[in-house]
Amino acid sequence: MTAYSLDHVTMAFGGRRRKVTALESLTLHIGEHERWGIVGESGSGKTSLLKILAGLIRPTSGVVHFLGRDLDHANREAMASLRASVQMVFQDPRSSLNPRMRISEIISEPLRSPLLKGRVDVPTNPETRVSEVLDAVGLPPDAATRFPHEFSGGQRQRIALARALAPRPRILLADEPVSSLDVSVRAHVLNLLNSLVDSMGLTLIMVTHDLAVVRHTCDHVGVLQQGILVESGKVLEVMNHPKQEYTQELLNAVPRIKESG
Amino acid sequence: MPVLRAALRRLTIFVGTVLVASLVIFLIIQALPGDVAQVTLGVGASPDDVDALRQKWGLDRPLIIRYFEWLGGMLHGDFGASYLKGQPVVSQITPRLAVTLWIVGLSIPLSLLVAIPMGLFSAMMRRRWSGALINALSHVGLAMPVFFLGVLLTMVFAVHLGWFPANRYVPITKSVSQWASRMVLPVMTLVLVQGCFLARYVRAGFIDVLGEDYYRTARASGWTKWRGLVRHGMRNMATSLVTVVGLQISSLLVGAVLIEEVFVLPGLGSLLIDAVGSRDLVVVQGVVMLLVFAVLLINFLVDLAYLWIDPRLRRGAA
Amino acid sequence: MSLLDVKDLSVSFGRHRTRVLDHACLSLEPGQRLGFVGASGSGKTVLASAIMGLLPENAHVEGSIVFQGQELTALTDRVFSAIRGRNLSMVFQEPMTALDPTMKVGRQAAELIGLHRETSTMATRQRVEQIFDRVGLDHASRIADAYPHELSGGQRQRVVIAMALMNNPAMVICDEPTTALDATVQAKVLSLLDEELAGVNAACLFISHDLGLVSRICTDVAVIHAGKIVERGSAAQVFMNPQHPYTAGLVATASIDAVEPGTRLPVIEDFFDPRQEQ
Amino acid sequence: MKKLTLVIGLIGSGLVVLAALVSLVWTPFDPSKVSGIRYGSLTWPHILGTDALGMDTASRLMVGAQTTLLVGILAVAIAALIGVPLGVFVGMGHKTLGEILARGSDILYALPALLLAILLASALGSSVTTASIAIGIATIPVFQRMARASTLTVMSQDYILAAQVSGTPTSVIALRHVLPNIAPLLGVQAAASFSMAILAEAGLAYLGLSAPKTVPTWGRMLRDANFLTQPMQAVIPGIAIVIAVMGFNLLGDGVRDYLDPRLQEVR
């Protein structure tokens, strides 16, 4: 089954005089259990794409189907199913955790969503679920009673992951999940993300500027350049035989240790 | 010309708000409880007499017509005539406006002259006792009611030392030296209080600049601490200060009434208070409109100043 | 004699004297490029600020920093200011905020000349446009008349680099100069830095958490962990044959593409247990 | 430094609250009773002297503290209860309404509180309540702007997006995320506005636009004192005003520094 299918989706912001087109006629099909990396630089429209997939904004034109249903904001049923099965991880864990809430409150927030009431596939006991997911992301159970500022950047990103996984989503959206972290912490979070996506059979859609991360984590890749999807396909095919000069440029820009010094 | 377009946009907003404000003022004043004619003649007056007076003052005609007459009159400088004295409002306002404008016009630039060095110093030296002392001083000044400081200064300089006279105001046209000697204490009072008030904003603004990356860049370029802060901090600090100074001018136009009360100066504020006391609504209406117009004009000028200070505002984004 | 000689430099902050840099020793020869690598919070930026004399007021500095034969820690602000921007300059991390938003970039760049030399307005302007041209800013004259907010991140960082190179300094400190930039822009700015540093034969202290970046620019590498310099050597030696376990961990985590996709990535703790260290 | 601010603030504001509380049950003399001694000097039993009518200054000063606190509470309550919901509402993204409100609050913001008070006093008659209402209304835009600005900051954080992604209703977001995060700033603003209200009311009282002569307030006492013959009768209420204003001001600053050093210096 396809998780998302986007048909000629265009997203434009601003009024008549200063119109900015973030996405232009984008067509993309994402199957369930696939792992997609959407690569682009600032201004490529990748954040808009993610927000459309999360149902936070509505495209200016074009059609989005989610699990086969037309994702029109008027279609309450489709929206409810989207909210109940899609979760998101953000770039900056300092900004994605409310500093005045305890970790247990943060993680259980999606569980308290009115959209989940009466659904059988959703954990019913928040406390048990909080300790389950804390354990899954490798944090001690006593973390639940603490506040975000008591944790390091990498740990906070684990907490954000725990929150996203709490309601047992089918699809995980990730917005540059490791780019605000040190190289040395990055590996931890990527390992965790990989194993969680594996064990829970999630569909992953990750937006990033780093092709190395995509190569390691994803099986599909889409390259966005100034709102246009210039290339997409299986990761290895695209990376080994890039059809676009821009993709090649991105590949060259991946920092790696130059052996010859 | 994005600058011109932005300026024109602000001008349109300014004219629009002045019109709306004039309508609101007119409605509030005309709807105030108390029939002017009745009040003027007293409770015992016969209804016929009251009606006659109403007719004489034109209070019997529809509101909307009276509004447009008033508005049209003001456009060529006619604010109407006082109900009580029959005198044109303009002739009452003009001499008093001069007094208030002198006070405000002198004290604002002088208080900036006090506030900027004070704020600069206490920002840079905020971890030393000297900066903390200046900061504490500005806190005291901030808490000081103008009328209290006015009374204190009068006690010391006029009563005790006898340096300045504390009696009636003399217009500048009569005697410059007499006028000046009577302006020293009121202006000094305002400068001390306003200076402390503004110094707090100047300090906060400069402290912000000290933490900015561009200040570090300036230091790395070879600016010394102080000169770099003045060179790259002044304009950036000014962006926040301009609004405050604008508000300060507006509040002083009315707030000067306190100073006028302490030093017995015949200014605009005391005219307003007197007119409110005697329910001379035409005068109240005229003075309030004039003040509100001045306030909105200052707001408009502050907006224009922003366009000049902060280049980021010049392009579209308002 | 070395260009820069840092001896036993310790920096601590605040009333509790929290020590963020612990007896750091470091030297740089003229024209030499040293990559300074560490995680965030390891004290690498503090070292840069200490050399530039731009530490906040609540910092306590012990030890010595000798630059071109002059003891920097003993200088007054006025004397030090004459060195900054002329012999010793710096490129900062965040191009979006590093420039005064209320001043045209050409004027800001011109200040570097005005502060350190006496020249005519005409000559200054020519020099600014010439160096803007050199750092790859097309239409140098138009850029010079622009305000920072009118330029892209890459353009701003080029302006900052141009300013750092304005007076042909003997040494440039680069503090994560490309982290805030897009990947492709990052690569371009990096090779620009490489060329220009070589052009004026300036020494460089390149601060980064990313070994990949450092390996492109630097001949030597120092690794800092928790305020202490744990390893120092030539880039080839440090990357190929790291001595300290922490460095080995850093090297292993830096190259994601050396690992089979989907498998577990190595982490620092595989090599180095920080508790063991203390 | 930081602790000192808080301590001085606590002492200043504490003195005022204490005086007001004690005066509810006890004052040295009946504050509105005329004693035989007019223009009394600062001697026992009238330790702060008596005024021109022979009323005990110390007692009037204590009762005046009640008025002072009442003005502050009333004005801040009016301003915050109207300004904060408006600001949060606009900050959470109601565009057309936001534009209209912004214009309205711009005008109100620019209008001097004193002008409003004069108009209101002439409409409703001068009393402490009228003065407080006028000051409160004039302070609405301060709270509205601050609430709006800090709401915008909170709304730009990713945890809001995270809540939206899970389908958390807007009203819950406002209560769970926005209000707790803007509360500290609003508290500091309330303390600053409290002291500004005290200052403003003193000015109105000095002009005779607040309490009638029978109610003892500090501004009124200063107005009624004859500083040529009895300077201390003007100086004492003046100092009381300074202590109260500075106390609440420093209290706000101190609490802000103590709670959250990251908060900017605002006012």
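Letters A, B, C and D mark the chains in the order given here, with residues in each chain numbered from 1 onward.
Following the convention adopted for this analysis, a contact is a pair of C-beta atoms (placed from the backbone, for glycine too) under 8 Å apart; a residue touches a chain by one contact, two chains touch by 3 or more.
Small disclaimer: the values here were computed from a predicted structure and weren't measured.
With centres computed as the average of Cα coordinates, no chain lies farther from subunit B than A. Ranked by C-beta contact pairs, the top interface belongs to chains B-D.
As a whole-number value, the distance joining the C-alpha centres of subunit C and subunit D reads 50 Å.
Rounded to whole angstrom, the centroid-to-centroid distance between subunit A and subunit C, based on C-alpha atoms, equals 33 Å. Inter-chain centre distance (subunit A to subunit D, centres taken as mean C-alpha positions): 48 Å. Between subunit A and subunit B, the centres computed from C-alpha atoms are 54 Å apart. Chain pairs that touch one another, listed by label: A-C, A-D, B-C, B-D. Listed in rising order, the residues of subunit C touching subunit A in the complex are 39-40, 153, 182-187, 209-213, 215-216, 219, 234-236, 239-240, 249-251, 253-257, 259, 261-262, 264-268. Against subunit D, in their complex, subunit B makes its touches with residues 13, 17, 20-21, 28-29, 32-33, 132, 139-140, 142-148, 151-152, 154-155, 159, 200-201, 203-204, 207-208, 246-247, 250-251, 253-255, 257-258, 261, 269, 272-273, 276, 279, 284, 288, 291-292, 295-296, 298-299. Interface residues of subunit D, counted against subunit B in their complex, comprise 1, 103, 106-107, 109-115, 118-119, 121-124, 195, 199, 202-203, 206-207, 209, 219, 222-223, 227-228, 231, 234-235, 238, 241-243, 245-246, 249-250, 264-267.
Interface residues of subunit C facing subunit B in the complex, by the touch rule stated above, are 52, 54, 57-58, 77-78, 81-86, 89-90, 92, 94, 97-103, 108, 111-112, 115-116, 147, 149-150, 160, 163-164. Subunit B contributes residues 127, 212-214, 216-225, 231-232, 235-236, 239, 309-312, 315 to its touches with subunit C in the complex.
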